[in-house]
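Which chain is which? They are A, B, C and D, in the order written, and residues in each are numbered from 1.
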Amino acid sequence: MKHRTAVIAGKRLETAWIETETTIEATVDGRSYRLEKRRVSEGILWLCSDGTSVDAFVTPRENGYEVIIRGKRTFIEFEGSRRRLLRHTGAQEGAVSVRAPMPGKIVRVLQTEGAQIEAHQGIVVMEAMKMQNEIKAPRGGRIAKLNVATGDAVNLGDLIAQVE
Amino acid sequence: MKHRTAVIAGKRLETAWIETETTIEATVDGRSYRLEKRRVSEGILWLCSDGTSVDAFVTPRENGYEVIIRGKRTFIEFEGSRRRLLRHTGAQEGAVSVRAPMPGKIVRVLQTEGAQIEAHQGIVVMEAMKMQNEIKAPRGGRIAKLNVATGDAVNLGDLIAQVE
Amino acid sequence: MFKKILIANRGEIAVRVIRACRDMGISPVAVYSEADLGALHVRLADEAYPIGPSPATKSYLSIETILNAARKSGAEAIHPGYGFLSENTTFARACSDAGVVFIGPSPESIALMGSKVESRKAAGRYGVPMVPGTVDPIRDGKEARRIAGSLGYPVMLKASAGGGGKGMRLIRSEAEIDDALKLTRAEALASFGDDAVYVEKFVEKPRHIEIQVLADTHGNAVFVGERECTIQRRHQKVIEECPSPIMDPDLRQRMGDAALQIVRAAGYVNAGTVEFLVDGAQNFYFLEMNTRLQVEHPVTEMVTGIDLVKEQIRIAAGEKMEIRQQDIAINGAAIECRIYAEDPENNFFPSAGKIRVLTTPAGPGLRDDSGVYEGWTVPIDYDPLISKLVAWAPSRHDAIQRMLRALNEYHVGGIQTNLSFFREILNQPDFLKGDFDTGFIDRWLKHRSASVATSQTDLDLAVIAAAVFDVANEPSQDHSAGQRSAWKVAARLRGMRR
Amino acid sequence: MFKKILIANRGEIAVRVIRACRDMGISPVAVYSEADLGALHVRLADEAYPIGPSPATKSYLSIETILNAARKSGAEAIHPGYGFLSENTTFARACSDAGVVFIGPSPESIALMGSKVESRKAAGRYGVPMVPGTVDPIRDGKEARRIAGSLGYPVMLKASAGGGGKGMRLIRSEAEIDDALKLTRAEALASFGDDAVYVEKFVEKPRHIEIQVLADTHGNAVFVGERECTIQRRHQKVIEECPSPIMDPDLRQRMGDAALQIVRAAGYVNAGTVEFLVDGAQNFYFLEMNTRLQVEHPVTEMVTGIDLVKEQIRIAAGEKMEIRQQDIAINGAAIECRIYAEDPENNFFPSAGKIRVLTTPAGPGLRDDSGVYEGWTVPIDYDPLISKLVAWAPSRHDAIQRMLRALNEYHVGGIQTNLSFFREILNQPDFLKGDFDTGFIDRWLKHRSASVATSQTDLDLAVIAAAVFDVANEPSQDHSAGQRSAWKVAARLRGMRR
């Protein structure tokens, strides 16, 4: 029996399950499921419960997972898992690191260290894959650290700024 | 440096090569090739030599390999390899085992032990995947052993007969 | 319109029907046997119900289990696909009794056209020409010899309940009759549960051309062009085209009119196909009517823009057909290759197993109706058809050229397929000219060579590729599962197959 | 006809052109940068030549290297695709000097239409209506403010050498002008090597509709319907359709006639596209002409049956067009979604990396023009377009329904794509009604919610699937490479991406 505490849009759901080669028996917040299953491919899990048949496309994202079922997305975080949702709706507490989402070049710095910014306001303009894109603040706050300058080449995951 | 002796339609070709992550330097019967390469997928190898670009689709077959390039098939056997071509054009020497190509049921036996048969003559009729198919002799000769009877269920690889 | 439809089938045709449902905003319900756990048709459905063990007799032919799934899901209609229960009158009646719409003709039409004897009688009454032969089942070899003698050899021996090329045999001389009768009866019994067979004059150099029909419940009926199905191996269609290379507007009109006579004779409703033999002088003879969707329906869809499965569903829902005969035009040319999991190098034996690599062609003018995916294991229990590849272009020449391009892009690793076989046929001069009959493949196979000519460079590259593979494939020092490369495992699995 | 054509491009458009060559029996020759070793376009070609390091300036924009490859291969013609050298007059001239046919218009036509200033002058001479604004490049912020003031806000700032939505900015007030001018000049310089920009009146609630034209060397010219390209994000088209939901035969004829006037003004030969803005009162204004194949050309092909790439090649070979204006009919409706390797959850940032799983939709009425394959690593150096998905059906409603079905079948694992973004847009009521303008996406994105409502069961199944994945994903006791499952490796790779 394995278990996890899922968090979806701030709501917690307890889940526990036993998995075999072709089945999963699971409960989610007390609701029981007897599932037939097939690991179709990396990140694709077919599940069938009492008639309901779904392909679940699971993608690791931002310390949580995006699961697409019938074309509809759900973002799921697990408590105690090493993955935790980084992006919240702007109301979150504590410092947030803004990192380069891919290798590229900083072509313009839009803010200064210490500045107050709003959520979704641009911090720098970065060029990658022939496109210029603004890197925006995930939440409002103060720019505690600004780690890049115009012309800097950055790698995936490099710290651009900290907002607190 | 690796090397192999290939046999194609009875003709021998000597090949030797050095492989790196993205290149192969090879000779085939003294002809030199400097190749760029990519292992695209299991059994698919992209090779590019002095302009010539091919996807080679390699499938293990009958103790040898079938290679498809530009939609054209070549059957290749290697001397000293554990794989050796089983099927020849009827002129081969020695005993040949005829085995079940997939699980199924013997619905009719067309020959008797000791009988003389010609190449491509039917030995038994087997039913599999809803189809009745004749299992034929790969070469002419005498049926030295007939290992099945009508109604037998056979598994993939089971001996049906020996022709010598 | 229905909100939910259950598809009582599997493989590519179940996938095809599921897609039509989705394209119409209808929720598709799948059923699956143990062998089909996680099959493509199940993955693409909104709901799926297990219906028993792998053998079709215990699952896809189990009427009560399927109707239970329909009841449980609340499906208002059932699409039977082709094969399995699609031409089973008991099933069609059971659906009706259970208050579920059977997407197809009435049980009476199925029964009438399902009997070779009765269907020929009905066709005769409506003045549709037929191949000379018996109408009633023959009793024994003696009777068969007598009838064959009076018709003159060669003759065809056919299962009364047969179809789809199964349970048919060509007999060229009296000596062959007894063996052929036994084999045909056995196949007929195994495939259709009925060993009745009859004898027919064999039309020399025949072409097999069929007419698609659609008829609604409001008395409207149209024919939707022909399909050229002459390219067959052992009476199994492998390549189909629309239009037929020998068709002209006059012959099409006459064959279409004859097909609509059959529709009238059968009181037929929904999609159906009237099969004809056509001889060198453009005489045509009624063979049979298939009272269901055909495998090869996509070629018709590609040239007419009509979605036959959508039409089936609309007709079953009682809608009036919007298509009028005068609006149906054949635009360009389409050709279909049936991709089977079978081995042309080993007598076309079915090749079940895991699909390790799947590369499908794409781009303009192509349609791949597949029932499988990379990683799927093709079960041994069912028909080995894994996909239908269809190419469209403004002309037959261009459609064939495009199909050749597509075949060269197609790769199925891990099991054998007939892809190479098609690559060769589509380069045969007689095929390109459209000059063939139903014996084309069997004659060509006799002089087919194992290897195809290629350039010195390509040959050398093939040697290098195989050699690199062979080295990756050598027994390693360490046999632990964790260290075997996928190539090695694949090679070992394949090595088991003789 | 040519025997061999070199394709001076990469990605999906190189694959598209290669397929057209094969469909015509012409041998395709590819070129590739270091990042594109073993790319799909290279795999599908008969020959391939390395042309340098990954940055486009050192490979796909290197005229001399590409012409050397053409010489070495003996290619008689070069197809430039779109982007890169496709609208580069120097390249077109260099081809001609090297005795290789450039598949496109003359250098003079490219130069004329490539200059926003000169093209507007030419259009004006032929009486084609245009959006009010400057024709000449502006000098500085001061001049920009003066012109904008006289036109009235909002205005558009546009790169003179721009195209494809790059180097354009909307300015709603005078305060924005200086910043916008800097950014646009910088982008223009980086993208086109020219920082000249001009100012234009912004048409409120504009639709972007373009007309496809074909003109041969024998003086024949036709227009091949319109494409509705209004659905854009930051001036980049993301969804295109044919027909446009607002089109009627009269407007189509008038826009087609205007497009043919531009053809005459430019002395244009080969395929081209004349872009217009259309306002709510069906007034249309000439924007620019793209002197090359458009990304979105497949929607035109799906509704007309005309293969635009084949036509390009035939025209370049000096053949006379067989298509006559009166034969061109728009049959049904087609819609295209541009599948980008970008992350809608992260400000649409490009998402390079290895495609670990690729499941593409199939079945009736679909076309997937992809440039990638499972296992391919999308390089960071180029445009992130990985595929164009096109759906056809008899009506716009059915085409959208089919596209939604196809989008739900589509899965790209390992990198982020905008598939979910399309699934949501295609359910927006205003989109379904065809009621939108070029600001549609940007407005909708502001109130887009992160998660989409789903049933309790589906939500619970999502939790179970993620939980199963999360467990498979935990740090194992044993960190040896041989024991890591593919899921674990994937998750770790993804974990690096913030």
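Simple rule for what comes next: a contact is a pair of C-beta atoms (placed from the backbone, for glycine too) under 8 Å apart; a residue touches a chain by one contact, two chains touch by 3 or more.
Remember, predicted model here, so these are calculated numbers, not experimental data.
The minimum number of touch steps linking subunit A to subunit C comes to 1. Averaged C-alpha coordinates give centres for subunit B and subunit D that are 47 Å from one another. Remark: subunit A and subunit D have CA centroids separated by 29 Å (rounded to whole angstrom). Each chain gets a centre from the mean of its Cα atoms; for subunit C and subunit D, those two points are 39 Å apart.
In subunit D, 44, 359, 373-374, 408 are the positions where the chain touches two or more neighbouring chains simultaneously. Along subunit A, residues 41, 52, 70 each make contact with two or more other chains.
Chain contacts here follow an irregular pattern that is not a line, a ring, a star or a complete set.
The set of touching chain pairs reads A-C, A-D, B-C, B-D, C-D, using the touch definition from the header. Residue ranges of subunit C in contact with subunit D, taken from their complex: 15-16, 19-20, 22-25, 44, 298, 301, 305, 307, 331-332, 359-360, 362-370, 373-374, 393-394, 398, 401-402, 405, 408-409, 480, 482-483.
Within the complex formed with subunit A, the subunit D residues making contact are 56, 183, 186-187, 190-191, 343, 345-352, 356-357, 359, 380-384, 404, 407-408, 411, 413, 416, 420, 423, 450-454, 456-471, 473-475, 486-487, 490-491, 494-498. Those residues of subunit B lying in contact with subunit C across their complex are 2, 4, 6, 8-9, 13, 15, 17, 19, 24, 26, 28-29, 31, 33, 35, 41-45, 47, 49, 52, 54, 56-62, 65-76, 78, 81-83, 86-87, 89, 97, 99-104, 107-108, 125, 127-136, 156-157. If you check the complex, the residues on subunit C that touch subunit A are 29-30, 37-38, 42-50, 72-73, 373-375. On the side of subunit A, the complex with subunit C involves touching residues 22, 36-38, 40-41, 46, 48, 51-53, 55, 70.
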